[in-house]
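Shared between the two complexes below is chain A, which pairs with chain B and chain C, respectively.
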Partner chain A sequence: MRPLVSVLFFACAASAVAATTRPATAPARSPFARAIAYAQERSVKIHGAGIALEHGYAAGTIVSADGLILTADGLIINTSNLRVTLPDGRIVGAKVVRRSEPLQSALLKVDVSTPSFFEMPDKSPVTKGDWVLAINNSFKVADGAEPLSVNMGIVSLVADVDAKRKVQDVPYDGDAILIDAITSNPGAPGGAVVTADGTLAGIVGRIMESKATNTRLNYAVPIERLRPFVLGQEMIVGPGTPKGKPFVGIRLFTLGGRKTPAYIDRIAPGSPAADAGLLKDDLVLAINGKAVRDCEDYQELEAALAPGAPATFTIKRKSQITQVKLSIREETAHATPTTAP
Partner chain B sequence: MQRQQRLRRVGTAHQCVIAAALALCALRSAALAQDEGMLLAPKAFRAAVERILPSVVIIETYGSSATPVAERPAPGPRPGPRPGGRRGGGISKPGEGPTTGLIVSADGLILTSTYNFLRGQPIITVVLRDGSQHVAKLLGRDETRKLCVLKVEGVKDLPVPKTAGPQELKVGQWAISVGYGYGGHEPAISSGIISATRRMSGRAVQTDANLSPANYGGPLIDIEGRVLGICVPLSPQSRETAGGTEWYDSGIGFAVPVHGAEGLIKRMASGETIRPGWLGIRPATESKGEGVTIEEVQPNSPAAGAGLKKGDIIVAINGQAVADTAALADVMNKLAAGDSLTLVYKQGGEEKTATLTLAEPPATPVPPVRPATTRAATSRPVASRPARG
Partner chain C sequence: MKRPKAGAWVPAGGCALVATLLAAGAIADSITDDELSRVREAEAARIRAVEKVYGSVVAIYPKSRRGGGSGVVIDEEGFLLTNNHVMQPVGEEGLGGLSDGKLYKLTLVGLDPGGDIAVSRLHGKPKFDCSALGDSDTVSVGDWCLAMGNPFVLAEDQKPTVTLGVVSGINRYQGGRGNIGVYGNCLQFDTSINPGNSGGPLYNLETRLVGINGRGSFEERGRVNVGLGYAISINQIKRFLPDLRAAKVCMHGTLDATFGDRDGKVICEQVNLDAQIAKLGLELSDRLVSFDGHPIHSANQFASLISTYPAKWPVQIAFEHEGRVRSVWMRLRPLPYEVPQRPQPTPRPAGTRPATGPVRLPPGVLPTTSAVRQTKPGEIRDMKLNQEECERIFARWRGFSAQAKALGASKAIQTNEEIWINGAKAGAQRVLAAADGRFRIEIVQAYPGFDAGSALGFDGAAFWEKPADGPARQVRDAEARRRSEVAQSLCLAALQQDHPLKAFKEVVLEGGDRVLNQIAFRVRLADQAGNRLACWLSLLGPDGTFQTRLLKIAMLDGSTERDPMWTCEDYRPVGPAMVAHTRRLVKGLAEETQLEARAVSCQIVDIPANAFGVPDAPAR
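Showing the complex of A and B:
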């Protein structure tokens, strides 16, 4: 009887210890250990050109058995001396296969076989709130054959971001996976962003600044957008058919400057704005759901309207907010808003 | 006898092996359970966010005078590591995106951060979770907490969220931030833990969830979707309106608790602007833990008006013992201009009591009486450090 009691006691005590504290005796483990090891075996360090704020190092993600490597685009790959440090520490030269401006990404190739590589899912393996692990070489802390660093976070939001690196740069275009692991550091772009089970969700994007928040973004370029780029199936968007200039019939009150709210000063008689019942002193709050914070926003959004298509204007009249539909026409010589009283 | 002993030994050894095996199993299953819990956490994050969303609003402002918040001169990648999060981590001006607020009354009071109104007091609208957009007014603000209150007219039965009190707050518990700063109609979320339950003299909790312009004004919630606080940029080093934004991406974020803040919300809703309170003394930096000796009393200050003098020792304020300067700062930082306080002090060995009302700090700093000899205490004009006492 006694042995059984003490065995039970031991078992209970042990499980109590295990449940209440992180037991010092248990081997160090993490639910993410396997995913991390898997991802690190498929991630590389990249060294290339660098000058001033363009750092000459990055991370890369192996996506085929014959040496295709995804990384972020940038000055770093503008060199004949582009080198890749493979997971086993071997350093090999790399060539640029192609680059994508909207994805701000590049595809490299090394002439060695890379039997450990990531499969590329054709649809996103993550949703908001999911754990993600970002493999990176922030500040070049991983040396030689040392495994790359890992930062953990969750998916904050998957959204179309308006972000640029510098004012004159081409912005990143389209959906990005915003994450709350800090990856907006030199050496992180190009690293694999994987799920808790090691599935590739994207690569750490080039360092960009969000127009919405004026902060650097921590984000991944989604794998479902990178896959066609790797496979050479990227859609080429043609110039499209030229469209005429839109005519709305609104003239704003701009005496205070372009940064003042978009108050309507005049409505052209017989114009789409007049037909929709808009009045002088109405404030335009949004066009097709996009906020019009000032006159400058208005000019930009109005210019982008398509003649012949309806547009929804959100209007504030006194303290009432309403939405009105306008049928945008094409501007003709005599249809411009009149300045005559 | 011998045999019996041997048997017992064998029995004991046997027992140990079983115990060890069971213990290992227990450890392993507990560890596996822990793993599973961790892997399931995203589900809990999403559920918590779903619970709070009906009470979270999008704030749009119109007309921007675009006042810069100069912290960082030039954009571009960071020059190097930013251990303190200060250097190069700030933002040059507020972004163009919307901001976030939290419903705190069924008839349309919205609690948010003053950060969201850096560009003056433009036209404000609030978008509720059902997509309806309403005009809102800025009623009042608390500059010591970077909070302000908006009012949406013509609404009723808005969902007021549950809040979690201080006794339910533990370092290490999950904390999730929610904010609409990136635009669109779905908020961005960030998860982390509570890093400290009391910071900035008890005005804020600290978290390692990413707090930034993407969620200033929005709620920090617990794993059950209850509000722990409103995300605000606070900085121990700065009282500027945008001070604290430079801490984004640093792993240090602050949220001001909403639980028990009804009085504060009421004051802001009545149009009040709460500013730091000014007592008008400079405390001695050294203390024996039995009170704070007054090094200097500024002329025309509440302290001077109450008859406090150099050399007096403050022992208690509002019934709370003031053992040293840290305790004094702690009590003072909870009070604002206009607040009355009862002060117990020793003057020439005699214990006295004074009742006084804290003033707003004088607009022009009073120059220090003596030349600067020690670091922080005299490196800045005394009067510009009002809340320290």
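Showing the complex of A and C:
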């Protein structure tokens, strides 16, 4: 976005001149009008499965000319009758291409051409304090060809949301753009979050409610994380996919919430850890040379391991410090089934 | 597909500037002093705009002071807009707090349960601060909007809370309970509103009133702001304002027909056989083309649109019947309020406080308890308030036209008029009219029905007529008053009196109507002889501000094609008075011109001797 700054300032100067000559009674046109129109042309309504608090509707963001649509993952897409209402009001069936657990997002495809679509920048177009517009269909207010709702806010923070703390019901993991527009409403997830000039910054994330405070997080899944997912370059969960979750076979001895040292509590039989001779009560000190101060560090480093590649674990057993080589495998037991395209 | 270029933005007001600067994300590192001062200027402009209307926002409480809502004063005399669901628990009398910290007595005037609007009046000050009405049709998605009110009833000092956000959607539809509390073509915004904001104003950045905040999507997380608020559009409210000020319980309009979508067309699915629209030729499976000038492209759009119209409102409807498009005019029929079978309590999420806070109601719908005196829908709640409003309307009209004051007893307005029929000049006449109702019309050039040299007059006691070739004769009173020119002239004079209500046997403000494409008050009159008349006075001028002009006078009530109606248009100053320079004889709801009288010269003259008496007779 940096190259645009000078252009924007030029626009500022022009608008200031116009502001002085404008009659006081003329209504000020929204500076976001163009960005909104641009984004609404590229956003869709999605209708699928729903039960109880899982609402059967969401929003979606068109990211290619051949009908690829990003939306939030969830129960809604677990149906053979997934329908997408295009911006012109046409209703077409959609198929799930793939879904991502850490992004809590899904990629859909419709069999019609979608000439209006968002370009996906490979770098985040937003930073703390920037205006953002969230296109959404909260509470299913818009129907048919009616334009989707727009909520406005600023980026509060780009922060790491950790899936492992058991305070949230959605296992979103990694960086998220926190915004101060209220988007944690049914029907909002999957909607485009755009900058003031219409650049796609991300999609509204799945509703995430803290069990501790009953509050909800308003956040967007950043586009630079979604882009590889759309292009098929990201780690994909599911059978037959080239890269899955790494499987080590270690369960740590943890005390909920505390920062506890990474002592091994249990080794899964036949796992890479068991093959390498690791034992209960061993303390993991480092993985591939990176220090493991506590269980949290361990989880992060373990998640970053590449299946199929060897990894070096530094462990302390009694008073001995040794290095052990493990050949990491791919986790298959908890893989989510996906509908292949 | 290219992104819209930032540089190509249409430059807008100060706020656009702030947004643009912030949007660039470069405010901290590269903003110049000049830019910063402009941002501050825009901010100061916003603060000034808020200050301008701050004193007009009302915190509304029941007499018990338990709970409450918001409202906004739109008239110096203290008339305010709020929600029906705010006034229901407040009842006939409550309290209104203003930003001066004082509480004023508040009384209920009119209600619109269908559109969730009420008009009340503050008492205790000769002049109240008020907000100017805006035009909600100019609001577009992304526009800034300000909400003000009394969320959670937290203003101990009565000063309103101000919140800012953007318009998220326009022409939204939020269903009510049956036909009660329906928000049709409403504005959706992300400005924070919370319980207690109900009835408060939604402004654009110029603090023109564009809506009344009434409800939010409070479905999942208790009754707090979730980023979706809805306001009843001010343009809908304008159509109901005359009814509301007439102290009526408003009803909404219906066609007595329902429509559905089929193959991209909006098709009639049901129609009552005795419905007016059926008599005008609508049959099942006919296609609805347009309604009141709005092209109809979906059944939902139509349902949303028609819910914003009052009963008896005149509309033009186009429908396609067997391949041919017909355009008809009709008055909408009143839509009865269905009584909900089983009122369902709003689910209250665990952990929220019960009833001591703001008025606790299902979002935007009629509460189960009501402190309001029950009146049949469509009827006038309080005849005294109705008569007072008539007095006020007539007083405003007298203040504008100022004829009685300008003429006194010794002067009259003399007008030379050209008569035009079907766009061609057909005749000419000279009219002399005194403020007390005496008049004389002389035909200078003949036109159909009138011979050159004939005359007609009223000397204050009796009517006379003089044919071109014969002597004058007296005309019986009842016969004269049946002539529309006579009726119009007498009505005009009566409205100039200090107490017009005494000049008539009966005066009733019937409510709203549309005349000459303006929203107007319709007043039913009966003169001392019992002859029925109707007159229409505007509520708003073409620029949307309050403006009282006499627009039209009709014999009987103008409801049939036979009732002749005279319009009063093109007001221009004549000395200190304002006189309509174009009068048209019109027929029917479409107001088709039959004849047009254009003033070519108009002046105030001293009344000549025996100007109004029977010609040939000796001067009295």
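The rule we apply is simple: the second predicted complex is superposed on the first by the 193 of 341 C-alpha atoms of A that agree within 3 Å, B and C clash if a C-alpha of one lies under 4 Å from a C-alpha of the other, contacts with A are read in each partner's own complex, and residues count from 1 in each chain.
The criterion applied here is as follows: contacts are C-beta pairs under 8 Å (C-beta built on N, C-alpha and C of every residue); 3 or more make two chains touch, one makes a residue touch a chain.
A quick note: this is a predicted structure, and the numbers were derived from the prediction, not measured.
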Touched partner set for A:K259, first chain B, second chain C, both or neither: first
Touching partner for A:N151 - first (chain B), second (chain C), both, neither: second
Contacts of A:A303 with chain B and chain C, given as first, second, both or neither: neither
Chain B versus chain C as contact partner of A:G129, first or second or both or neither: both
Partner chain in contact with A:E119 - chain B first, chain C second, else both or neither: second
Chain B versus chain C as contact partner of A:A196, first or second or both or neither: both
Which superposed partner A:Y38 touches (first chain B, second chain C, both, neither): second
Which of chain B and chain C A:P186 touches, first, second, both or neither: both
First, second, both or neither for A:F139, with chain B first and chain C second: both
Overlapping contact positions on chain A, where the chain C interface meets the chain B interface: 7, 10-11, 14-15, 17-19, 25-26, 29-31, 53, 129-131, 139, 154, 182, 185-186, 196, 214, 216
Residue ranges of chain B touching chain A (in the complex, touch as defined): 11, 14-15, 18-20, 22-27, 29-31, 34-36, 38-39, 41-43, 45-46, 49, 60-66, 75-81, 91-98, 122-123, 125, 133-135, 153-154, 181-184, 186-192, 209-210, 212-214, 248-249, 251
Chain A residues touching chain B - in the complex, by the definition given at the top: 3, 6-7, 10-11, 13-15, 17-19, 23, 25-26, 29-31, 53, 55, 128-131, 139, 153-154, 156-157, 159-162, 166-167, 178, 180, 182, 184-186, 196, 207, 209-216, 218, 259-262, 283, 285, 291-294, 314, 316, 319, 321
Residues of chain C that touch chain A when the two form their complex: 1, 3-17, 19-27, 30, 35, 38, 42, 134, 138-144, 165-169, 171-172, 174, 188, 190, 204-206, 208, 217, 219-221, 225-228, 298, 300, 351
Interface residues, chain A side, partner chain C - complex: 1, 4-5, 7-12, 14-19, 22, 24-36, 38, 40, 53, 115-117, 119, 126-127, 129-131, 133, 138-139, 141-152, 154, 181-183, 185-186, 195-199, 214, 216
